Amino acid sequence: MRRTLSSRYNKPGLAPGTPIHIGERRTESTKITVFEYDASHVQERQLGSVEECGECKDSKGVVWINIDGIHDISVVETVGKIFGIHPLVQEDIVNTNQRPKVEEYDSYLFAIVKMLSEEQYSSALQAEQVSMIVTPRIVISFQEKEGDVFDPLRERLRTGKGTVRQRGSDYLAYCLIDAIVDHYFLIMENLEDRILPLEEQVIDDPQPRVLQSIHHLKNDLVFLRRSLWPLREMLARMDRDRLPLIQEDTRPFLRDVHDHTIQIIELLESFQEILSGLMDVHLTSISNRMNNIMKLLTVIATIFIPLTFVAGVYGMNFKYMPELAWRWGYPAVLGLMVLIFIGMLIFFKRRNWL
Amino acid sequence: MRRTLSSRYNKPGLAPGTPIHIGERRTESTKITVFEYDASHVQERQLGSVEECGECKDSKGVVWINIDGIHDISVVETVGKIFGIHPLVQEDIVNTNQRPKVEEYDSYLFAIVKMLSEEQYSSALQAEQVSMIVTPRIVISFQEKEGDVFDPLRERLRTGKGTVRQRGSDYLAYCLIDAIVDHYFLIMENLEDRILPLEEQVIDDPQPRVLQSIHHLKNDLVFLRRSLWPLREMLARMDRDRLPLIQEDTRPFLRDVHDHTIQIIELLESFQEILSGLMDVHLTSISNRMNNIMKLLTVIATIFIPLTFVAGVYGMNFKYMPELAWRWGYPAVLGLMVLIFIGMLIFFKRRNWL
Amino acid sequence: MRRTLSSRYNKPGLAPGTPIHIGERRTESTKITVFEYDASHVQERQLGSVEECGECKDSKGVVWINIDGIHDISVVETVGKIFGIHPLVQEDIVNTNQRPKVEEYDSYLFAIVKMLSEEQYSSALQAEQVSMIVTPRIVISFQEKEGDVFDPLRERLRTGKGTVRQRGSDYLAYCLIDAIVDHYFLIMENLEDRILPLEEQVIDDPQPRVLQSIHHLKNDLVFLRRSLWPLREMLARMDRDRLPLIQEDTRPFLRDVHDHTIQIIELLESFQEILSGLMDVHLTSISNRMNNIMKLLTVIATIFIPLTFVAGVYGMNFKYMPELAWRWGYPAVLGLMVLIFIGMLIFFKRRNWL
Amino acid sequence: MRRTLSSRYNKPGLAPGTPIHIGERRTESTKITVFEYDASHVQERQLGSVEECGECKDSKGVVWINIDGIHDISVVETVGKIFGIHPLVQEDIVNTNQRPKVEEYDSYLFAIVKMLSEEQYSSALQAEQVSMIVTPRIVISFQEKEGDVFDPLRERLRTGKGTVRQRGSDYLAYCLIDAIVDHYFLIMENLEDRILPLEEQVIDDPQPRVLQSIHHLKNDLVFLRRSLWPLREMLARMDRDRLPLIQEDTRPFLRDVHDHTIQIIELLESFQEILSGLMDVHLTSISNRMNNIMKLLTVIATIFIPLTFVAGVYGMNFKYMPELAWRWGYPAVLGLMVLIFIGMLIFFKRRNWL
Amino acid sequence: MRRTLSSRYNKPGLAPGTPIHIGERRTESTKITVFEYDASHVQERQLGSVEECGECKDSKGVVWINIDGIHDISVVETVGKIFGIHPLVQEDIVNTNQRPKVEEYDSYLFAIVKMLSEEQYSSALQAEQVSMIVTPRIVISFQEKEGDVFDPLRERLRTGKGTVRQRGSDYLAYCLIDAIVDHYFLIMENLEDRILPLEEQVIDDPQPRVLQSIHHLKNDLVFLRRSLWPLREMLARMDRDRLPLIQEDTRPFLRDVHDHTIQIIELLESFQEILSGLMDVHLTSISNRMNNIMKLLTVIATIFIPLTFVAGVYGMNFKYMPELAWRWGYPAVLGLMVLIFIGMLIFFKRRNWL
């Protein structure tokens, strides 16, 4: 997020529907893995070329084709041709600046979700676009690079744990979205771990670096919200529009993941309010510090400036200064100074400055 | 709230619908109490094991099964099996991070509410999740730990006061929700008792500790609102959707408790505005103080620095300084100093600085 | 408002629908006055006991029963029994924490409005709850204490001015609401009289006391809005829902009083924005003052500190300081000091600091 | 606006529908002008008394009766009697605190719009209420005083330019509203001319007077918005509700004037955001200035206070201070002072303070 | 934007529907170019006079008439006459202050869009109004001056790339809007390039010039939003209202460009939040700097003022000051001074001020 927000949208005058890869090139080669399964068996393999996808159309069970790497436009175009996908959808898959959304087409659903991760060393947030084509029997998912949050799902597919093997492609699509949304909770926890220590620092030790942390966290939340609001909207639509591809008994699960996004958004809004509050507290803390600094300066100056003045008076070189010749002049002046000093101390004590 | 907001949601890739306890483990053993009643009699007992719940299905009156302690997943699963409860509902019961909500299933209603309490010594707010299954004759309530706000209701059940014994399970569910919502008013009163003294402190004595109190109160309100808004929504839905399990003459009561949540939310929003105002007042008060500090410093410095300069001039050791030898030099300089002093006092008096 | 916002809601576990007085006890005895009128005659009397209300049911004209003092629950319960009023309504009448609202029951309308007044000496706002039961021929109004804004209406009833005597109970209820809403304008005028002088003070003389006034006014507006928004909503509902008890030709009058509440709310929002603006102006004014204070300090220090240094140099006691013995040393140093002084003055003049 | 916002609403307990003039009395006498026209001819005259209005009812063409001065209630009451106007409408006409609105009655439309103008010398905004009664053939407009924005329309009526003479009373009403709305653009331009110079002042020379200007402009915008939002709402309703008095081919014109109000409101909101921004910039500029002032003070103090201390040390009168007797003591101390001075300069140069 | 916001709307009392050019005069002569095309051929020419447009009505393919320069009202009036365009539409075309909108007329659609560009040297944003008339076979587009973002589209028309040549006038209109919206992304990227460097400057080096940049960027965003929100609304309407002129298979493309505007608006809102955050950070950074300045001043003053006082004491000229005569007086005082100095250093070290 700290680098670019709009991540460079440059399509100068291309015909609409021309797929062109926009975004960072994140992987070298394209990797295609296929899961074919039904209640009784499961088969997992890796395809050598995109063209082999066509064979999956004749499979009897549910098929999940996962494609890592979308910078190679020909891959998407080939898949598009095989499964009859609208050119605009192809364009959306390769342009990684899309908002999460769901679109209904005659024979398939098209959904885009953002999968979040944190960079290893900095804790900068990164979004990876996951696009899904859902047909009655096949789910095709496109990712920008290898490495995702679907491994537990793959394990469930292999072992047959849970009910995923008994259900259709709509449930598989739900499982993918659910895995992504569940991962958001982890992101939220990490954010919270970064916010909570700031609460104390901001009052005890309001350093500029705290300010920077608050600012970065705020921007991270702005970034997160841009992924989350459309996601919520999209899941609400999937529930509300009663899409024919979604079976009736998958609906409660979609409602459940919808509830999760609402929960995350409410957490996010709480974080935002807390950070706004922290910013105010920070500013006020700084003003408080300033007051303390100024109090010290004022106390010192107010006590010693008059004393110095008195010393200055008796440092004058006039010939006729009777006090100077007086035997007790020096002790008397010292006494006066001590009196002024004590008087000032009492004055500041009363004002609660010391 | 001060500790964690997201209270750790960690379900790494489990199959959806797998109940897993999420939240603090708040009690050692699970305790199950059962009330069976109708207009004429009432029976109260404690069950030894969850399996005995099954017998309640054949009871003729209304049955209230209250279960304290949900960390033991097998309890919830057993209840789920006996009463035919959807796996997602079971998952929601044991995951204490749910938002308040109501869901309609074929043969039962499922509702989640947050019961608030304040910690004994700190006044930190704590939320406990109360889940309810409402069937036409049975209400099953799940709490995280023993100790709740239902004792007066239990008393009414035992003594037959009020109309609760004459009515069905929907009215019992209403009574549970009503007891929880009524308790929110107490929480609000306590919050108010913490806010009101701040109003004076913030103007008279703007200490950093005031700032901290305001900040904590603000976060408490953020926390409260996250429980309240979904509750309001849920009660609005219960009124609007005309759920078949809710009888017609229970409806005005639901509308009444709905009104109460609106009242609480409006109070909450008033509190939030007052606290925001206090924050501004605090910041401005600090600036005001700063002005006073600087005024004092400026008055002292502006009066004594020129005087010290004059003394310095006559402290120079030039051979030929006619004033030094002059008989009235010393009194004249002292007089000049007094004049400067008085002149400055008048100047600052006119500017209203003294 | 300055005292309590939630005005203590303490109903620990009572059965719903149990009337219990909540709020300040504001009057000693309960006073019941009855107006019976039709187009041709009017009769006004005071009842000795609540039970006599029953006789009004057989009156031929329109009847207005006004009850001052609701702390005596038995009064409300007796009225409730005579006119067949729902227990929840009775509870709402005696609990003075209700929001303004209108509820439709089979044979009557129930409305709650807040009547505002200002305390005599402080200008603190006070709200009194006025509840109304409107049946086709009878209006029963409950007030917390004697003294209200209905005297002009009573006068119109007595003298037959206006059309109120020709119309039914719905028009009478409208007149009561209209009188209350009209009184809000007076409150707004008084608020404005408190806001306008602040505008000048805040720029010319930003004292902490101004800050306090702004803060109190803001809280008063928060308090007012809590009465006004539900009132607006309630009047909108009365217009929109086409309640059968409201006759067709009373409707334009309701729309008129609805317009008035919108006007008041818009005024209120203007006041809020002006006060927010004043707060900002106040803070900025203080910063401006600070700048002026610091400028003065800096000018004085910057001029005299170097001069004092020069004097200090020639106050040193070195044996071999040729300048000291020089005939023109003293005048030269004095001249140098004057030059520095004038140079500084020019410097600050150029920077526009003097 | 600077004077009163609520412009005194004092109707203590009058019967609803009693017309009473509220607002400033802005003209001495009431002036009634009548335009009668159709496509082929036009007649313009001034009526001596209100009663003559009755004759217009028999006119064959379209009639526009314009009445300047509404403080004389009898005028409005007479017009009300002649044209059968609801008492509440009469009350609204003479009460100049109304919000812009449109109301449909059986035989006429009633519309209220605010005509804005700027005071000649100050640029304070003034609103004048223009009420319109639109019947199928007659438009009656009421203004508070003489002088309006309708002269170009009168010219078009006299000369027959444009299509107004070919069209009905609904188009005439549209023309009146359009003239008023077009005048708002002028007001906006003048506001802009007051805002733009502030942009520079606020950064280059943040004087308190700038603060005052921003504050006054903000209040002017609050005032403007209170006229504009209801106007927009009213025009939206006229378009949406398909009022029978509005002919089909007048509708695009209403939509056009509706678009204009939206444009004005968007301008207004832009102005508000710019002013808010300016307020922030102003506050920050002041802080920046403060920093510069403090830097100067700190530089001077930090350089000369140590130097003065050194001079003070050698001004001490100890008998045995070997340096004092040393031949090169004085030049050595002067050299030390120069070194300190230069060192400090370098230090501040490095910190970019000079 | 920096110059004028309302760009002078001066139409003092003209009849509605009178076209009058409002806006800057941006080109000398009017230039009319025509594309006639169908799937098989394309013809491109430049017209000598407006009247020749009439011939296009008989063309068999799709015709795109592009007119650069609208200050010459007769051109628009002539086109209006030839194609039967409503006078209000003509007025809107020449008045460059319109909001983006779409209006449906009997035989054509009328759409207004704002084409943005950046000035070459300053990066000030400029908006140019593009109006379109879409009939079943003809698209007429009006621009304020030559130079636009349509060149790639022209190239596609000439070469037959993409599907534009196979489709109708509605698709051509979509292509024009799409080209304009795509260009907004470029604008956003440039804005981002101006925002990102501020993030660092604001913490490391909070100069007034940064403040100015933030303020200008904020105003640019206000300006942008005024073009974007109505555009979004307009595209939503085109999708929702199922305008008969838009063919079914063009609809997905409109939805796509609608998605793009939402994306841009979300980016815009992110930018706004980031800038608001930056403003806060800037203010806090300045306060932080102030603290550091004051710390330095306080450290220096607090160390040297007491030392100077001590020196002053022993600079007094009393006859009887035993210390002065003491052999070790001078070293003892110097030692005392060093002790005070070191003590102070330790004190400030502990407070973390050094």
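Lettered A, B, C, D and E in written order, each chain numbered from 1.
Here is the rule we use: a contact is a pair of C-beta atoms (placed from the backbone, for glycine too) under 8 Å apart; a residue touches a chain by one contact, two chains touch by 3 or more.
If you're wondering where the values come from, they're calculated on a predicted model, not measured in any experiment.
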| item | value |
| --- | --- |
| If a chain touches chain A and chain D alike, it appears here | E |
| C-alpha-based rotation, chain A on chain C, 0 to 180 degrees, nearest 5 | 145 |
| Centre-of-Cα separation between chain D and chain B, whole angstrom | 42 |
| Separation of chain A from chain B, taking each centre as the mean of its C-alpha atoms, in whole Å | 26 |
| Where chain C touches two or more other chains, by residue | 283, 287, 290, 294, 297, 301, 305, 308, 312, 315-317, 321 |
| Contact graph of the chains (line, ring, star, complete, other) | ring |
| Ring order of chains, beginning at chain D and proceeding to chain E | D, E, A, B, C |
| Complex contact set, residues of chain A against chain B | 149, 151-153, 155-156, 161-164, 174-175, 178-179, 182, 185-186, 188-189, 192, 196, 199, 203, 252-253, 255-256, 259, 262-263, 266-267, 270-271, 273-274, 277-278, 280-281, 283-285, 287-288, 290-291, 294-295, 297-298, 301-302, 305-306, 308-309, 312-313, 315-321 |
| Partner chain B, residues of chain C touching it in the complex | 2, 4-6, 8-18, 86, 88, 97-99, 101, 103, 208, 211-212, 215, 218-219, 222-223, 226, 279, 282-283, 286-287, 289-290, 293-294, 296-297, 300-301, 304-305, 307-308, 311-312, 314-317, 321, 323-327, 329-330, 333-334, 337 |
